[in-house]
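Below are the structure tokens for one structure; questions will follow.
Chain naming follows the written order as A, B and C, and within any one chain the residues start at number 1.
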Amino acid sequence: MLTKRASLKLATAFAALMVAGSANAAEKLRLLTWADYAPADIVAQFTKETGIEVEVTLSNNEEMISKLRATQGAGFDLVQPSQDRIAGPQQEFGIYKPIDLSKLKSDLFIASMLEATKKNTTLDGKVYGVPHIWGTDGLIVNTKAAPKVADYNDLCDAAIAGKSSFRAKRPALIAFAFANGMDPFASYKDAKAYAAMMDKVGAKLAECKKNVKFFWDGKDQLLNALRSGEVVAAMAWDTGGWKLSSENADIKFVAPKSGALGWVDTFAIPSKGRNDDAAYKWINFNMRPEIAAKIAASAGNFTASNGADKLMQGKLKDQFAESFPKAAIDNIKWYPAVPAGIEEIEGKVLDRLKAGS
Amino acid sequence: MKPAHRLTLFLLMAPAILWLGLLIILPHVEILILSFSQRVAPRVYEFGFGNYLEFFTEPLYWRTFARTAIMSIMVTVITLVLAFPIAMYIARVAQGRVKAMLLLLCLLPFWVSELVRTLGWMMLLRETGIISYLLRMTGLASQPVELLYNDGAVILGLVYGGLLFMIVPLANALESLEPSVVEAGFDLGGSRWTVLRRIVIPHAMPGIVAGSIIVFMLTVGNFATPVLLGGKNGLWFTEQIYAQFITRFNWPQGAAFGILLLLLSSAIVWAGLRLTRQSLGTTLRQA
Amino acid sequence: MSQSTDLDLVNVTKQFGTHAAVNNVTFSVARGEFFSILGPSGCGKTTLMRMIAGFENPTSGDIRIRDKSMIGVPANRRPVNMVFQSLALFPMMSVGENIAYGLTCRGVGRAEADERATRMLERVGLKGFGERRVTALSGGQRQRVAIARCLVLEPTLVLLDEPLGALDLKLREHMKIELKQLQGQFNTTFAYITHDQSEALVMSDRIAVMNQGRFEQVGSPRELYHNPATPFVASFVGETNRWQGDVASASNGAVTVRLSTGGMLHGRGGVSQGAALSFVRPEAVALAQDAAALSSLPNRFEGRVSAVLFDGAASSLLIETPGFDQPVRAVLPQAGPLAGIEVGEAVHLGWTADAMKVFAA
């Protein structure tokens, strides 16, 4: 029985979290983050410098929010959701606490990025997130097998029937909206217009579905399929494309004509975090250029740390330069904060997409 | 009863009661309460049946459930058909060590997690997988064959996961069938089919029902197998619940779906019992 | 001859590995006969019966029913039905369904099968039991259902595999008579296997005594009882006194045996020298208060009652007699001058030479 199992799991998870929480010594930082964002050597160095131990839990956007929601913001001292997923959930569930910007060394951040993130994560005049890692969603293309793929719509081209893929998640909706001449971000505040737009995008995707081998779910699943040639073009994150590119020069990350989707993962502090000092220390430590460069290399993405790019190894920079000519950079669509209720509209469209045949 | 005895009994029962209460009943009650709350504004919820209405008014949801239920029934039937001869062999032909070995063999796949088992099937079935390769090697296919990401693959994976839970109660039920009763069935002129239909199957009925209930419930509530093996058209109802809880942050809706899954699958089991004229009591005793 | 027989076994042998469970058995059962196979457990009688029913195949030899070879004919095609030791009623069916089962297997329509089952139930005295569950019947009723289930098919031959074994004594006695009556009433050939000599003696027209895969003797109950052909039959069928000794002299069938403990006995048998076994039935031992009453008997002794084994009509006395290594068993007199005899009393005993069978040991 799912309900039984699911609720059991939830119950035990809560229990475990509470026990873990209460047993914690003061000098421990409980970090909820993405894979590769807290490599072991960086953690070791932090502990050596500050004496604070770091307990790392890996997750993704949805799970981070779900976990915090389940405990009303307890269980972790620092989390790293994407910047567009802060204001909405905060309004809905109150799971974060405002950032005390005076405790951060703001000159460690790329100023424009810090400003943009602050703006996006502000609710009632308080800032809830600062930027850490950023990257884009675009197209990974096997240029030999699918030379013509240059925009999201090309995933639906009959030439690559049964060999394309995207995630049945919100980025696909946003991407196909842009690719078909709509601007979803402009309609964020107008639920009705947004719903109408999403219906259109849903219809487009449903039509495209016959071309899709599968809706990918895990990154490794997609990369494996691209490696083996089962999939020749997919909408995915830039890092995956660059990774494959270094294995097989035919595979490239392409910034789509209608624009790559830009995301920024942040630092945010849960409302019931108990070690804010350690959290600020970790943020400041992480934004030091030499540390940020190491993390960027580990994650394969870029960082919001000011000056880290000069320290980074050449390869990633070259790949970035190849994928993003100047015009493509300017064309990146940065996710604005997701207003509450938007996910509901998108969810139904996605459900229909997955269920319909 | 002396007070001391009563205390002993209480202490002995305490873990079971705690387990039942804290880990089964309490979460269900909480889910039930949650399922009746509706969001009106950020952080404002009110009591209502909206989440349940949503299920019945949005064809997407009840169609997904119907699809899940029908496929689960198919899986149960296929599992039963496959498990019956195996259980028959284990119960009536195999002796001693061979019997233990066979049961162990059935159990073996369950020593690894469901996820690993499912990934194993993915390696076999994928376009660049072993079966596709063999088909090409033997000339049965001219180009790579995709066997994954369709309903057939989901059913295959679920049947595989359900077999053991069907074989054990079936073998149990069949083992208690006296050999001379079967012989009498033949002796009085029955063909193999007649003996199977009129003697073996009716005798094994409690085992069949028990196994079918277990397999059906496990299948309806399965998550990993349909997600990993399923195609782009295949949405399992549990995925719907997961989506509501985790990606949609809509706990009340997810809770309502959970309760509906519990109620509707129980109703199907009840209908199945009525149809086969079995009672849950005798079935549980048999299993 | 074969025209009037229902069952013929010709040189039937069944090997299990190197062990011959049934060893070269030949016999015939006449139409309408009640034929029993009597033997201790493990003698091969069950294997023999299972071969006739079709659950086992003979290693060699032929099984013929009404002159048709049954070799290669599966159990469900043989005109033979079996009453199992456990009865093997179908617990998932009602009494009526149990009886109609065989008919429906033959393609008899539902209505007619029910009708015939109902009539059969009446004939075996279970009128109105058709709807009952078989688990709700008494032992005797279950027995009747098991037999009715076979008889309704009007088989050439009914096999019965110790069907009375599970019943208590009183019911067993009753069922013996009932079985015999049923057999007469339906005039069906019965082949009955048992290890209980009393069942075989009471019901059978003829009995085959089986031991270690072979038939020792085939004959009517009286023949077996009074003229056993082998020492095994003599000791297995009925109660008997058994003494071991050596032939002292023999002529023309009359044998004198000297027991190692000194007694000299006179009997009849085909043995002329060497070790011998002597058998005397308890009821052949005549008892008297004084020696004169037994003066005409060649075997006369005096002993002392060592035990009274009271068992109603089957009661017996054990008499400690000089010259014998164990007490002589005799029937307890329950009328006449010796009625009420007590342990410790002296008594004279004797028997005729005809009453004592002597076999080579």
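Quick note on the criterion: contacts are C-beta pairs under 8 Å (C-beta built on N, C-alpha and C of every residue); 3 or more make two chains touch, one makes a residue touch a chain.
These numbers were taken from a predicted model, which means no experiment stands behind them.
**Q** Please state which pair of chains has more C-beta contact pairs than any other pair.
**A** So the chains sharing the most C-beta contacts are A-B.
**Q** Where centres are the averaged C-alpha coordinates, which chain has the largest centre distance to chain A?
**A** C
**Q** When you take the mean of every protein CA atom shown, which chain's own CA mean is nearest to it?
**A** Located nearest the centre of all protein C-alpha atoms is chain B.
**Q** So how far apart, in whole Å, are chain B and chain C when each is placed at the average of its C-alpha atoms?
**A** Here the centre of chain C sits 56 Å away from the centre of chain B.
**Q** Report the inter-centroid distance (CA atoms only) between chain A and chain B in whole Å.
**A** 35
**Q** Please tell me the distance, in whole Å, between the geometric centres of chain A and chain C computed from their C-alpha atoms.
**A** 90
**Q** In their shared complex, at which residues does chain C touch chain B?
**A** These residues of chain C touch chain B: 53-55, 74-77, 80-82, 84-86, 88-93, 101-102, 105-106, 149-150, 153.
**Q** Provide the residue numbers of chain A that touch chain B in the complex, in ascending order.
**A** Within the complex, chain A contacts chain B at residues 1-8, 10-12, 62-63, 65-66, 69, 89, 91-94, 162, 168-169, 209, 212-215, 217, 228-230, 340, 343-344, 347-348, 350-352, 354-357.
**Q** Give the list of chain B residues in touch with chain C in this complex.
**A** Of all residues in chain B, those touching chain C are 178, 180-181, 183-191, 194, 198-199, 202-203, 205.
**Q** Which residues of chain B touch chain A in the complex?
**A** 22-24, 26-28, 30-31, 42-43, 58, 60-61, 63-64, 67, 126-128, 146, 148-149, 217, 220-221, 223, 227, 231-235, 238-241, 243-251, 258-259, 261-262, 265
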